[in-house]
């Protein structure tokens, strides 16, 4: 089971990862965007960290919705509505639980991906975060359905996210700022796909106790 | 005697010197002014060269006044009125002659200096072209009065101009753009003093035939 | 990074404080969340215009708030779209009962944030229409992509739709006019140097001492091609060809032209650009009826320029000429 | 050198051609010699205002020709005073029989060229008065020197004396008002980067990546001190102290303030400068009655800013508020 403490640890760990990778994400965005993805994400998760204490005693759904709302109102850009929607949909999917089964986790990430696709109207292959999220969610679902333990399932999801992220390199962007570059967007890794991969990697790194 | 041909050769030679020293004069102006003295002088003497043919058959006075008028209307800045006045006063001083005695040359340069001082209200020691012109005119006058030949007198005038020019280096400017720098103008050679030294040097280099 | 700023994180907040101190007669500035509204907002019975986008494009959009133009502007962080809560609060603050027009530049971030804000405002019973500007011919357009960026024509939309709203036209008509302006406008930009986002602290892109970027975006996004720098006339020829061929503009067309500086280019150069543009239009039988030459939609301190041409009719010209009184655009009052 | 120009020698001529094409409703441009006059010049019975100076400070002076401001502007080559024949021709072209006021920035070149032109015009029976602006507190003033440079206050003189002339005041009175504006105005500038004179092709001065020049002139002339760059607030503190202490400005004074960009500094930074300036004035009991924030007297593409404060009375404010319609300054019409 993923406990509320696990969820909070995941958020804290991801905030730290975003902080550490701020330069890297911004560099990726400089190549095909406007050089702010790391800055935006760090501003957002900095705000999440300072507002989290106010809801830490609430249920997982409330916590995740709050994260989404904070992101929507502090990140701006494309990342704000997308990551905001992602977390809000997660919160709506898990409801007022205090612990999540592997199936809940699958439902949660599936809803997250659906929200992102609805908000951004991107499909796999458009060179966006959808390219990391789609294979990750699919791998997670298959592994859980096959009865694997959650940690193993998350490891597979993270590997799939990483592969999806790397697969954005040769793509020509069709959504987001990078699309304005046309052919010149090829040869660069998408920053949003990278931050999405890190989101799965953080969950895997944090939710690693035996009974997760 | 300085013939009309000598005067025309002097002007042509000086135009060429200004062209060659354009960068240098501009560099000097960059240090304590606005980096255009060489450019201005070159524009002016370029115009003089193209308008000179129209008056080459006139007397020396007319030629020099024309040079002054062309400079006034093409140089701009401080250099325009100053060098323009310098040549106009030369022309007025020599009148409708076709050849100049050493005494005429002294009269001519004396009038030039007076004109510059009147127009610019600068005194020796203010770190301007007056610092090169004043000792040069004085040396010229003394040498001619002492009965030396004009070429020797001009060599002495040029040496005095050079000394005057170099003596501007430690001075704090009190006139012209450089004065806005206050103490910071010290340590740099004045560009206008430099172009004035070159004017005497050009005459010396050109008026070097035995009977000059 | 050399800038007249204090802490990079405070640039937008301090800019807004400066605007508030400078123009209390024209605008009111709201700090948390950030938005600027005209001093007399809300204007009862008038359609309200709300625009916004990343900061760093000044005077766009805050400089265009006032009588005859925008009712509100929502500045995001530098080059980052504003957030839905800003837009939602600004929309509520200026809503005068006749509906609100959102003017949105076509960037995925801007579009999504305005969309969320519009949903929130509609949830409160405020009628919201949206016009998306997408005039940048440097970007390939296609059904499957994000489409073109919104750039210079946004200034024209804000001015002309602002006058239409001031004249009392209803929301549907103001939105129709705004769309007409956008559909008839085309732009292209170029850059000689990069800009530096304050929090990033270093130039967005590297560019050689003898290079320029043609088709640059207003966020320092790479453009169509990088090439050796050329004389201004040749650069304008390239840009004008791309713009004129796109609509396409035809002999007999009447246009409003803008030669816009990217922030670091002096006016003397913009007039040299305008000179060539006017010669080209003249040669093609296109009549420039009105023009703007200056810094209207910038990219921080980037050196470069953009050209916008918009085909105008009598109605659009009438609204163009209508009085406007904002910090950055003012005539007739 | 990266500029949107063709041949460096043609910059001023092509700029003037651009202005002529852009603003035929406001000004007429004369190419040989170079000068710009308002479209309806000469205005019979009105005192005419003629200014001029080196180019590269746009919109000064050409951008201020029009109703309520200058009758003529004489642009020299970049950073080089205009020549007497230009000024003389412009003076004749705008003389409406009520005399002409020459507005001259205190640079030896400008002063001498205007002096020669005034002598020539007076020789033809045109009454000429001259006001010399010298507001730059960065420069030491003394009886034995050239005195201070004329900078930002020149814009104020042109606006206010322009309104006085438009109101029909006689030459002596217009000149008196112009002098009053100058005497009550003080300015100081600073630069983060150098500018490049087109024909020179390289920066006028070298400056380190972490340095700034305080007290810079509008031609890139070195200023008071070179120092490590500081936060904007500290820079404004230094500049305001020098300006306020000089007149000196006192509690209870009413002022017009200008925060001027040097050409390469974006508006977002100028508002951050204005914010601090307004805070300082407020703290000292000095009331900013009007302000200008933007590029008004520039130094090509130099990054930096200057501050001008002018003590105003009711009469000066009335003339400030009077309608003006020029390419670069427009209100009330």
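As written, the chains take the letters A, B, C and D, and residue 1 is the first residue of each chain.
Quick note on the criterion: contacts are C-beta pairs under 8 Å (C-beta built on N, C-alpha and C of every residue); 3 or more make two chains touch, one makes a residue touch a chain.
Keep in mind that this is a model prediction, so the values were computed, not measured.
Asker: Spelling it out: a chain qualifies if it touches subunit A and also touches subunit C; which chains qualify?
Answerer: The shared contacts of subunit A and subunit C amount to nothing, since no chain touches both.
Asker: So if I look at the partners of subunit B and the partners of subunit D, which chains show up in both lists?
Answerer: none
Asker: Which chain has its C-alpha centroid farthest away from the centroid of subunit D?
Answerer: Taking each chain's C-alpha mean as its centre, the farthest from subunit D is A.
Asker: Counting only Cα atoms for the centres, state how far subunit A is from subunit D in Å.
Answerer: The computed centroid separation for subunit A versus subunit D comes out at 55 Å.
Asker: Averaging only over C-alpha atoms, locate the centres of subunit C and subunit D and give their separation in whole Å.
Answerer: Taking the average C-alpha coordinate of subunit C and of subunit D, the gap between them is 29 Å.
Asker: Starting from the mean Cα coordinates of subunit A and subunit B, work out the distance between those two points in Å.
Answerer: Whole-Å distance between the two chain centres: 76.
Asker: Can you list every residue of subunit C that touches 2 or more other chains, as numbers and ranges?
Answerer: 78
Asker: Which subunit B residues sit where two or more other chains touch them?
Answerer: As it turns out, subunit B has no residue touching two or more other chains.
Asker: Is the way these chains touch best called a line, a ring, a star, complete, or other?
Answerer: line
Asker: Where do chains touch, given as pairs?
Answerer: Result for touching pairs of chains: A-C, B-D, C-D.
Asker: In their complex, what parts of subunit C are in touch with subunit A?
Answerer: 33, 54, 76-86, 107-109, 112-113, 115-116, 136, 138-140, 144-146, 148-149, 197, 199-200, 204-205, 217, 219-222
Asker: Touching subunit C in the complex: which residues of subunit A?
Answerer: Against subunit C, subunit A makes touches at 26, 30, 32-36, 39-40, 43, 72-82, 119-120, 173-177, 179-182, 184.
Asker: Note which residues of subunit D are touching subunit C in the complex, please.
Answerer: 2-7, 11, 14-19, 21-22, 55-56, 58-59, 63, 78, 192-193, 209, 212, 229, 231-233, 235, 263-275, 278-279, 291, 293, 295, 298, 300-301, 303-305, 327, 330-333
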